[in-house]
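Shared chain: subunit A. Partners: subunit B in the first complex, subunit C in the second.
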Partner chain A sequence: MSDTDRRAFLRQAGLVAGAAAGAGGLTALLHDPDGERGKPKTEDLILPAGGYAVEASSVLPVLGVATGNDVKKLVRGAITLVGGIERFVKRGDVVVIKPNVAFERAAALGATTNPEVLRALIELVKEAGAKEIRVADNPIESPESCFHRSGLHAAAIDGGAQVYLPAPGNFRNLHTQGATWIERWPFFWAPFAGADKVIGVAPVKDHNLCRASMTTKNWYGLLGGRRNQFHQDIHGIIADLALMMRPTLVVLDGSRVLFRSGPTGGSLADVRQGHQIVASTDSLAADGYGWHELLERRGEALPAYFKKAAARGLGQPDYKQVSIKKEQVG
Partner chain B sequence: MSQLITPDWVKRRTQANADGSPWWARTFRITTIRITAQAFFFGLFVFLLWATWFSRLGGYPASLFLELDPLVGFSTALSTGTVYRWLWRGMFILVPTLILGRVFCNWMCPYGTMHQFTGWLFNIASNRLNIDRNRYRNIYGLKYLMLTVFLVMAAFGSLQIGLLDPICLLVRTFTVAFSPASELAQTNLAEVIRVRLGMDPTPILGGGGGHEQRIFHGAWFVGAMIMGLVGMNLVVPRFFCRVLCPLGAFLGVLSRWSLWRIDRDLTKCTDCNLCLKSCEGASDPQAALRKSECFVCFNCIDDCPEDALAFRLVPPTWSEKLVGDLKKGTATLFGKKVISKIGETVIPAPAVPKRRWFFAGVVGVLSYPFLRLSAAVNKRGFDEKAIRPPGSVAEAEFLERCIKCDQCINVCPTNVLQPSTLAQGGLEGLWTPVMDFSIGFCQLNCTLCSEVCPTGAIQKITLERKLGVAEFQEKGPISVGTAFFDRGRCLPWAMETPCVVCEEVCPVTPKAIGTYDVEITRWDGAKVTLNQPYMRPELCIGCGICEHECPVLDDAAVYVTAIGETRSDERSLLLGTSKKVKS
Partner chain C sequence: MAKEDRIFVKNGRRHYRPRYSTTEAKLGGVVLLGLSTLSAWIVWKGQHPDPTLTAAPPALNRRATADADRGPLPKDLAPPGWQEGGVAVFDPSNLYEKIDGREGYYKSFGFQKMWFLALTQGADRSLDLELYDLGSAANALGACAGELPEKAQPEAKDGGLFLQDRNALYLTRGKLYLRAIGSDESPEVQAALQAVAKGLSAVPGEALPWSYGLFLGLGIGPGQVSYQPQDAFSFGFAKDVHVGLASDGETELFVSPQADENTAKALVDSYLAGFGQYGEKVPGAGGGSWIQDRYLAKVSTATVRRRFVVGVKGAADVATGQKWLEQLMKAVDGLPTNLPLPSAAPEAAEKRPEESYE
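Take a look at the complex of A and B:
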């Protein structure tokens, strides 16, 4: 062997040894003996302890009911009755508003939240000094079409709020401790990143299966995944929804009442004017009021989900048991 | 002094040209204007595809490029005897072609631009090799034969130009492959920002499309096709444009009569062949210009070192005016010495022998029955899942009109519209729109597909027409099919389990799905109320939201088939069907 030959040999042998050692080291580093390491990791999302609720008040009523014809005044009136928007929204808050945008229907058909109600609510929240207002829902039909057709997109944008539409990356598994069915379920998380307050604003609707869809059922629109399984125990699911989301405030939009053919409706004959807006810190009390006074099912037993949610201490379905203040506005 | 402050590179750049023209003549050439036009039209094309969406459509002419495509107008005129809606816009391309030649191919066509750009970017060949690759070859006549086949078939009523028409092909590729791929990229990027950088991706990337990731049957094939065809530029420059493009062939036939063309000055041309260096069309400008092949890119004029080429209005046939012997080098032209050894300057028509035209015609005549006899597209034996969008004309007329551009699929907000596969629709139905309710559903208040269809395969309909209200009360709503229950798979019918998602989401009023409400004692002794669903076929419009929302995901317990669609009496279901809503 000549000198240069030896050098070439050493260089090449070193290269081979290095490559072999590198490959071996990398293999050891990535080794997955039982296949568990290779599975996708999902970290659960947890909402703040106690939810987004503000401190309970011993003075202020739980339910505020404003009656009249001017929707804008009704929203303001109802919220004033339960302490005014300043009680719920502080300067600099990031506020999520969840209307019901489930279907691609014109507002007058009552299948979605009245855009005028949303408009008035956004205006109030803005007055209170919110830094950011996010309007979000995950509708049944094509989200953009639902937001536009219902007028809720325009209402949100005009008011300076941002509209959050569901997209594939916007869902993460939410962990709801103690829920029967949805202890881990894909949750429309994007609007809740950094959020301080959550306000639900839902119409009053008949529902084919759970009989009534109001502020509690409204949280359905925050979930993704296989929602079409929920009907197998819809009452259990709604009780889970009440557990999952503890809102700052709910507004029950009784300006229109879809009293039959719900939740989709589709005919003006199924809608009557309700002339009422209800604001509450207790969504079960608000819905209980809606069942009796707005859907006008007085004397009929409440749907089963009320009882299930109440058993978890999530509210008082019998609105006559809570403090209520009514006012005629405008 | 000036030498001190003027850097060398500025001096080099601002030096006058050898012929005495100012420095900026190097930059502001006609080819520069051409490239600007190409960039503009490509941008416009992409913008209009992006605008083809519910919240962006506004008043944009979303299908403008398809309407400008004169082959779409001409072939549908052949197949239907009419020119639908905006298809007269094809005149905007047809007339300039008759005057200037195939300017469309190298100034406007977004697909041509994509090929040229790719070819340019990856071209590592020497000038000598490029010159060789840009000579005309006989295979470039193939496109004329394919055009003949397509047009003969169109005359019989089977429209197949969309398989290869560049605009249809590119719209389809963006719809089925590129745009969903960009959605996927955005989702993954958002995940990286959230997980790796720990930041909220929404303010950075926006909220996303507001819909699930769009997915398409056969996306892989459409993707493979564009990669293959664009990749061919590395082997044969402008392979698609020169060999396959039926629109190019159509414009090539027209351009034989064009008034302007590239002309060669025999007294200047030294037969150096440098004009072939970047000749896009392989049109032989160094010899007898093949008018039908010339893309009017003007590269040859740019590349000619002798200034022998120019774009001239009806130039004379110089060979007839030569005096003396060309071969011996004694030829003169109006007293000036002729330098070039090639006297011919033009071949106006496509170089395709008559017998080949005839053969292509025969192939076209035979292809029509071969395709149309496929059971998939007939009134018997049709695929029950080949459900056409609302507003579609009856199947035979549909196939006379649909150009497989997939604009309807692009605009569909729920992803229900899918390009039909070979297995489902045969070659004739390939890439035409059908609904797949396992992916989406036909949204009640939506008529967008009918809005963007350039050829009237989906006739433009109003919402009133679709829903059968106002002046259409008598006609009733448009039904695209009928839903059926599979009681063996339905939870309340077969599994003692409550459900009726289908009834909840049924959008018509009154609902087309009713329920028999029964209370049963379950196997474990529990009392359960079951709402067992049934169909009211008179009310069903076949929108498929029931099938889409059915929790029996893989093979839904309620499913829509094409029977009962209003567009065809042959496919009606109920006696005296005129699907009127009785409300």
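Take a look at the complex of A and C:
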């Protein structure tokens, strides 16, 4: 082989090697095994700093407990005890109300928020001058059926609220700094777009896994994705939920108590009339009250999620340590 | 024909006719009119929907499957005046879609499959049937007993348990457990529950497990007998435990068959250690080990009889507990020697976390 031929050979070999390396590099650059890189880039959501909570009061009680038979008076009474609805909702606010609509059950079976409680709450929020009231939940069962059979759809619509049902386009990844399981997780965002205040209204239920489902567990209904995997660490995920959502107000619906066979229930024999509504700015305190006084599990240790959430400074599990005001109404 | 005669078809390679047919034009007009009418009808119907479409609960028929997938559900279960939705079938991988949060309960009883059927009457009255295949009669009875209302008195008949209470029906047939849930306790719902129970009577039952014979012989009703395949009394080691609640409403008698006496003895030590976590030893008749709960002041014990762990939990005092224990041991002596051991207890997909705090 002559020098010229050798030079030409090396040049060609170099070109081929360069082209091969370039093709390999390009392949690596464009490699997208799960298709994620091909999706349009969206920023993770972050809820407002401090959540939707109102300023803490050194005068008003943390827990308001109304006892009686008239649901409407109970809701109004409990919220009045913690400062009245005007403390929480201002004229022109967009308010999200999150009931527990988890199952296709009639309201009387206690597996879902009492629609009369929701109706009374919407009425109060309207009185405070809210511009828009949105009622939202993401049940795993058919959302339409759950809203319909629980009576919550009718209660919301009759009250003048909008019902937000989950749809694939209504979820976005939410970034929750410090969360163990849901630091970045799909969140039912649509009802929260432009929202000013968030109110949770949850029933008092026995729960097969976490022993009790009340106001803190209620936020589970805002998660998307295959959230059932969190059952492996149910207390951990509830503590994450307390971190994720700092609501304006929580209302613990103790008008009915599903004291066994929860969270689905089914038999009227598993439900007793609680005759109480609790309003609070502290979800853990409200749940602690519900555990002892509504589920009547006074002799039993609190479920572990209380400790996990309290360790993050997210509330006071011992309701006797917070200011509480009780009143008989109706 | 001259090229300049062509009016609409300039391209000579295409089909060319000098005239159009008036018949075709009329037909075209008719088609256009028909389409316009159809469009107008669609728009009008959209603005005036049939109210019956939204009167029934929506999406009850989702996951509806063909009759072939009804499993053991008899055909035509809906009583007159009631409407059947489609049958939905759930297995361990998707049971949570139906009963999110409670699926672990049924999985701890060997869950295999669930058939769901909704019956409706009008817009507001419904009856949900959940038929669980739990793999064995003991599991079905155990799951059923755990969901019966407190102080319920079910009947042991047709090779299973039966209870109709308020808005609900509980029924077992061999490895099957049916829970029917009415939306209310109206006479209509109760009549429908009766009809469903009658419809399911054709499903064959099987003899009740030996533990029912044992506890019924001690005067304990069938509704007070339960079976814990695992984690009995919240003890991780306590598997395959048959429990009967004594007539005083607080003393629990329990029996757990083991492969041999040595295994049973080792387990007895675990039970005593478990009870000991919450209390202290108190003197017992004949030198037996009784533990008194430091919070509840109730006494518990466990001992060996043949190859069975037998015990008493939560008795008011040692004398009461000893009386029940002696009766239980006597009853265990009467059990056949060839009593089969259960197959391995099912692995619960989601165990109840034992963490607690206060």
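What we mean here is this: the second predicted complex is superposed on the first by the 289 of 330 C-alpha atoms of A that agree within 3 Å, B and C clash if a C-alpha of one lies under 4 Å from a C-alpha of the other, contacts with A are read in each partner's own complex, and residues count from 1 in each chain.
Heads up, the rule we're going with is that a contact is a pair of C-beta atoms (placed from the backbone, for glycine too) under 8 Å apart; a residue touches a chain by one contact, two chains touch by 3 or more.
Here the structure is a predicted model, which is why all the values come from computation and not from measurement.
Student: Overlaying the two complexes on subunit A, which is it for subunit B and subunit C: clash or fit?
Tutor: Aligned through their shared chain, the two binders clash on subunit A.
Student: After the superposition on A, what does A:Thr176 contact: first (subunit B), second (subunit C), both or neither?
Tutor: Neither partner.
Student: Between subunit B and subunit C, whom does A:Thr215 touch in the aligned arrangement: first, second, both, or neither?
Tutor: Neither: A:Thr215 stays clear of subunit B and subunit C.
Student: In the overlaid three-chain picture, which partner chain does A:Thr80 touch, first (subunit B) or second (subunit C), both, or neither?
Tutor: After superposition on chain A, A:Thr80 lies in contact with neither partner.
Student: Taking the superposition on A as described, I'd like to know which of subunit B and subunit C A:Arg149 touches: first, second, both or neither.
Tutor: both
Student: Tell me the contact category for A:Ser283 with respect to subunit B and subunit C: first, second, both or neither.
Tutor: In the superposition, A:Ser283 contacts neither subunit B nor subunit C.
Student: Just checking: does A:Leu165 make contact with subunit B only, subunit C only, both, or neither of them? Give me first, second, both or neither.
Tutor: Once the two structures are laid over each other on A, A:Leu165 reaches subunit B alone.
Student: In the overlaid three-chain picture, which partner chain does A:Ser267 touch, first (subunit B) or second (subunit C), both, or neither?
Tutor: So A:Ser267 meets both subunit B and subunit C here.
Student: In the superposed arrangement, which partner chain does A:Ser255 touch: subunit B (first), subunit C (second), both, or neither?
Tutor: So A:Ser255 meets neither subunit B nor subunit C here.
Student: Looking at the overlay, what does A:Pro303 touch: subunit B (first), subunit C (second), both, or neither?
Tutor: In the superposed model, A:Pro303 contacts subunit C only, not subunit B.
Student: Applying the stated clash rule to the superposed structures, which of 92-100, 290-298 or 326-334 from subunit C runs into subunit B?
Tutor: 92-100
Student: Can you pull the subunit A residues that subunit B and subunit C both touch?
Tutor: Residues common to the subunit A contacts of subunit C and of subunit B are 103-105, 140-142, 144-145, 148-149, 207-209, 228, 231-234, 261, 263-264, 266-267, 270, listed in rising order.
Student: What residues of subunit C sit close enough to touch subunit A in their complex?
Tutor: Answer in residue numbers: 57-60, 62, 96-102, 104-105, 118, 126, 128, 147, 149-150, 152, 165-168, 179, 181, 183-185, 295-296, 350, 352-353, 355-358.
Student: Write out the stretch or stretches of subunit B touching subunit A in their complex.
Tutor: 54-55, 183, 186-188, 190-191, 194, 200-202, 207-213, 413-414, 441, 443-446, 491, 497-501, 503-511, 531, 545, 549-551, 553, 583
Student: In their shared complex, at which residues does subunit A touch subunit B?
Tutor: 103-105, 140-145, 147-149, 162-170, 190, 193-194, 207-209, 226, 228-229, 231-234, 261, 263-267, 270
Student: Write out the stretch or stretches of subunit A touching subunit C in their complex.
Tutor: 102-106, 108-109, 140-142, 144-145, 148-149, 207-211, 213, 228, 231-235, 260-264, 266-270, 299-304, 306-307
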